[in-house]
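First, the structure itself, so that you have it in front of you.
Residue numbering begins at 1 within each chain, and the chains themselves are lettered A, B, C and D in the order written.
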Amino acid sequence: MSSSTEPTPQQLADAPLLKAEGVSITFGGLKALTDFNLAIRKGDLQGLIGPNGAGKTTAFNVLTGVYKPTQGEVRVGGQKVNTLKPHQINHLGLARTFQNIRLFRALTALDNVKVACRAEAFSDAAAHGVAAAALVRGGVLTAIAANCRTLVLAGWWKSLLLTPRFQAEERRITEQAEHLLEVMGLLHRRDEEARNLPYGEQRRLEIARALGTQPNVLLLDEPAAGMNTREKADLMVLIRKLRDDFSLGILVIEHDMKLVMGICEKITVLDHGETIARGAPEQVRSDRKVIEAYLGDSYLETHGGAA
Amino acid sequence: MPGVPPGLRGALPVLIALPVVVVFELLLAGSPFATYLLSIMGVNIILAVSLNIVNGMTGQFSIGHAGFMAVGAYVAGVLSLSLKEIALSFLPVAVSDQVFLLLVLLLGGVAAAVCGFVVGLPSLRLRGDYLAIVTLGFGEIIRVFVQNTEMFGRALGLSGIPQTAGLGMVGFWVFVVVLVARRLAGSSHGRSLWAIREDEVAAEAMGVDTTGYKVRAFVISSFFAGIAGGLFAHFVPIINPGSFTFVKSMEVVVMVVMGGLGSTTGAIVAAVFLTLLPEALRSAFAAMGAEGSLAQKVDQIRMPVYGLLLVALMLLRPQGLFGTKEIWEVLPRWLPRRRKGLA
Amino acid sequence: MAQLLQHLINGLASGTIYALVALGYTMVYGVLKLINFAHGDVMMVGVYMGYATAFALGKQAQKSLWGVVLIFLVAMGGCALLGFLIERFAYRPLREKPRLTALITAIGISFALSYGFQLDIGFLPGAAPRAFPEIIVPTEWLIIGDRDVVVWNWQVMSLLIAVGLMVGLQYLVFKTRFGRAMRAVSYDHRVAALMGIPTDRVIAVTFMIGSALAAGAGLLYAIKDTSVSPLMGLYVGLKAFVAAVIGGIGHVPGAVVGALMLGLVEEFVVGYAASTWRDAVAFGILIIVLIAKPGGLFGRVAAEKV
Amino acid sequence: MRRFVPMLLAALAFMVAGCEKKTQPASPETETSKQTAQGQGGTAPATPPVADTPPTPASSDTLLLGVATSLTGGQATFGVSTRNGIELAIKEANDAGGVKGKKLAVRVYDDQGKPEEAAQAVTRLINQDKVVLILGDVASSNSLAMAEKAQAAGVPMITPSSTNPAVTEKGDFIFRVCFIDPFQGFVMAKFARENLKFSKAAVLQDNKSAYSIGLTDVFTRKFTEMGGKITGVESYSQGDTDYRAQLTAIKKAQPEAIYVPGYYSEVGVIARQARELGLKVPLLGGDGWDSEKLYELGGTAIQGSYFSNHYSPDNPEPRIQKFVADYKAAYGGVPDALAALAYDAANVAVDALKKAPDSSGKAIRDAIAQTKGFPGIAGAITLDEKRNAVKPAVVLKVGDGKSEYVTTVNP
């Protein structure tokens, strides 16, 4: 991978898990995100809010490498990831869920999670890194070499020979996946195809899947969308629990003010790609710009126009 | 397989299968027709199962499989033509022939795998039908290349290749490819492939190196296509470009889709069925008034009927025989069921 | 020089035929996202219909203007019907199913037609190629030097027809109410149905137009190359499909440009390089184009919304 | 893994060290028989399985003959002619009382023009249908595939029209009733050079057909040997219908004739397009031209061209006229060379069956090998020790709707 900006152990230690500095991205002429800054440390539980089309999801996509930022830099675990592919960023400990649920619909709930808990995630990551890098350099031969190497490193042969080690690995993965399903209260759905799960459970399954990649930072894109008040209440509890049990940093995109205000210690407000406010819930709540941005939006309704 | 020590589990199927294929071979040594038909069937199974790894599991639509088959067939064919007169002094001729056969098969497979890698690269950028047409184009290019190369016998084809591929060898490779496919499906790598088929973006976000996996799926599948070609070249008296047209690729795609995308056993059943179908039609027609004047025309009717049957079958069972499931998952409940994703 | 010019003309001539067939492919794909592998064989059937009509008319009538018009009408009408039947019974039942299944039925129909017409039973013509009657008496339209370069009336004709049809289609797709419906369906036929668009009818009509086009193209092809055989659909169909993809399948002018390009390239490869490598080069170009522009020359790949 | 690679290398080295020439001689017969022994699993003894498995006829009162040829696919039209010719011959034989009181029956299988299908069909004919003799195919690659199987099983096979020398070299059970490519190529080269006095010829070959390539090679060699000049070799693929590019290229070199050793299905169109491009020189070709379809496809354009052939349908000999008439009656249309050869092949087979003491493979083979001066439609058939027919070729000139006999060239 990019050996140029290899950070020292010291930096790694005290660097925030996820850091965005002056990130901007433009599609054609349109500025989707301007000078976006963010830092998430272990144990953080932050919110990212804003009216529709404010660029929240875009921000997620930049952070997770789906889009490449046009300016600024994103660092995961202190390492610069602007040029990396999403899966490589994921290997560095960043996982996400999707606004429009993107489960592996035909796979069982268990398999959905198992996909995420990959065997020997790290040698895998390293090997794939090699292959990808080689491909980037475009040398077919180097790429072939890299690929053969990957076939070995990534332990395909183990799975073909069904070595005891491999079987143990598989068992570990299954147990881990089952554990996660249990945490998310989905164990009873173990062998159901994802597409047959009710909406709320699909959202939770997505979270379980994300946790499967053993992330340090978890990005939740509207986890409560389409849930009723009860489910939302449970979700609030759950998210906090996850943060503590898995010692994560969590960033939530959410429309529901109550939920965000309820759980987040720190909130960033986006509007038209610009960061218009940042701070503790009560600060944000009383911020003029925010109210303007939300004028006539659910916020005013829920709080009877309080300002 | 409960109650089997994990150390043995890996080897167990091998221990079971090898004697079986050998017995098979000995039993059928007497009837060349059965041998030939089964060999063709075996080759088709290998092709279908290997293509299923790309089309079914990974969801990449490739229709150039005959091209890889051709690569394997011609590489292996040319090699064993040059090795024809050589034997290993310390082995009986029959055995040493098999050793050489294994060797050339592997080389042919590797050659095909390299081509598979080269074709796989575009798949990093292309989607769906565009990838399909590229694979098709590749297959055709291979054919033209063979047709213009003196070494490969041009249009006449390559004949005189030692006919050393017996049922044993074919059966062995059928067994290998099925084992690989099943164990892949059961492993974390297999799940990554499924994930790519289901949702590439999500897979990538969950840390699956989609590009890497796609290319590797291509490499593995084309390797076995090469093996199939090599076997083909060693029991069909002559190989010529006409045997590797895109019609052949289509036949394989049909097998995969009919079996149900992603279902290994489905691919096998479909391959068996579609190989026997024409012969069955032949027998059926022969049965009714074989030597009548109609009988002369009868054999022509097979192919149109075959085409119509394809349509009918897809209309009756659009998801393929078993959908994405394996045979034991669609069998009646009273049979012991197995969980998906376990080899 | 003269030779170059002649090659240019030949290339354009065959290119225009590819274009006409490719248009059919592209339309159907645009609406259904289905590679209609049977398209070429529908074309072949159309040509045989024209062939039969021409014979029914007899030597004199088939050369008269109304004779020619009749031949074209019968062939195109017949193919429209055939296309309708195929769509109705082989594709429509599978519309909500994975697209591959429809592809397989397409292949099945392709086999049934191309092999079926090789039978010499009943009305079926049998495998041997037939000479297609000269319904358009070939006359030199332009001669340069001592027949160094010859342009024939039918070459000009088919070029004009191809361009005309392209413009017509373009108008149909972008200027008419039906065209709007087509585009809506091609964007998302479920939503289109919700918007009160008679999806089935739109698709059926598209299919019929495409098939009729194929028949017309086939007839021009038969006039150009003076013969008709059951397997002609296979070869032409494949080439036309390649052309459509080069141009960006689903894109009408793209198909024409791609087809002309393919026609010229093949012509020049054969004329100046090794004629044995024609097909390899054709596909090589296809691959290069696709790797450079994954959506074909004019088509664009829809970026996935995350 | 690290230790694995060197081990592999060591093993390879050991094998290479152990390589040696195979001991037993590689004469076609033992070679092929050994191969089949392997083919059946490397278990059967390496003796010719000919003796120990004499194929038995289907039933006592009928002798079953097997035919495998391409009834569908690119070469279907030739396969159909072949089938018709055989059918006719057998019908006549049966009307004449069959063989030794037994009726003859034919089972025709389609090989779709693919060698693997041909091999499959033949294996089925031999092992399931227990035919006593095999006829076919047109395309040499298919005949080669069939020959391999027939030879291995010890069932005699006669190919009516596969002109590639390799076919009969497969073994002593394989015969052919037509002359081979080298001779035919030589015939046309000789005719072009000596009778027509051409010095510059271009070649347009069918790159998909071994037959065409074979003729091209011989023609170009002979023609240059005789002091002629080949201005260029262009190619098309069977199934093409547009040859303008090739012809335009040929035109530039201004040859006196174009040698087109293809099949009539393409040649007719080629002629039209050549004229259309202002190429007025005559075309030359081989037996692949012979079909009345040629006149239909080529129209006036093909007139004045020459091709070498096995026979001339308007040869006044009553025997030939009868055949032509019968064929017309049965299938409508003048029989082409392929039909005539198939008819001959079938008759040679019938003749052999009559002579053979019993219907075992060996007996029939020996009977066929005896064939001398057999009055075939396509010239008298005498089989040489290479099991090829030695017969003269005729050169025909294409006229209006028929072609006139020009000369006969003897080997």
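Heads up, the rule we're going with is that contacts are C-beta pairs under 8 Å (C-beta built on N, C-alpha and C of every residue); 3 or more make two chains touch, one makes a residue touch a chain.
These figures come from a predicted structure and were not determined experimentally.
Steps from subunit B to subunit D, minimised over paths through touching chains, total 1. Interface comparison, A-B versus C-D: the higher number of contacting C-beta pairs is recorded for A-B.
Compared with subunit A, the chain whose C-alpha mean position is the greatest distance off is D. For the pair subunit A and subunit B, the distance between mean C-alpha positions equals 40 Å. For the pair subunit C and subunit D, the distance between mean C-alpha positions equals 36 Å. Chain geometry summary: the mean Cα position of subunit A and that of subunit D are 69 Å apart.
Put simply, the C-alpha centre of subunit A and that of subunit C have 48 angstrom between them. Among the residues of subunit B, those touching two or more other chains are numbered 147-148, 201, 297, 300, 303. Of all residues in subunit D, those touching 2 or more other chains are 71-72, 74, 76, 207, listed in ascending order. Multi-chain contact residues of subunit A (touching two or more other chains) are listed as 66, 98. Subunit C meets subunit B in the complex at residues 29, 35, 90, 93-94, 97-98, 100-105, 107-113, 115-116, 118-121, 238, 241-242, 245, 249, 274, 276-277, 279-280, 283-284, 286-287, 290-291, 294-296, 301, 304, 306. Taken together, the subunit B residues at the contact with subunit A in this complex read 6-7, 9-10, 114, 117-118, 121, 124, 179-180, 183-184, 186-192, 194-195, 198-199, 201-212, 215-216, 219, 324, 339-341, 343.
Chain contact summary for the complex, subunit A toward subunit B: residues 64, 66, 85-88, 90-91, 95-96, 98, 102-108, 110-111, 114-119, 121, 124-125, 128, 131-132, 135, 140, 143-144, 147, 150-151, 154, 156, 159-164, 166-170, 173, 191, 209-210, 212-213.
Looking at the complex, you find that subunit D touches subunit B at residues 15, 18-24, 26, 34-44, 46, 62, 71-72, 74, 76, 83, 87, 105-110, 112-116, 119-120, 123-124, 126-129, 140-141, 144-145, 147-149, 152-153, 164, 166, 207-210, 212-214. Contact residues of subunit B toward subunit D in the complex are 25-26, 29-33, 35-37, 40, 84-91, 93-95, 97-99, 103, 147-148, 154-157, 159, 162-168, 232, 235-243, 279, 282, 286, 290-291, 293, 295-297, 299-300, 302-303.
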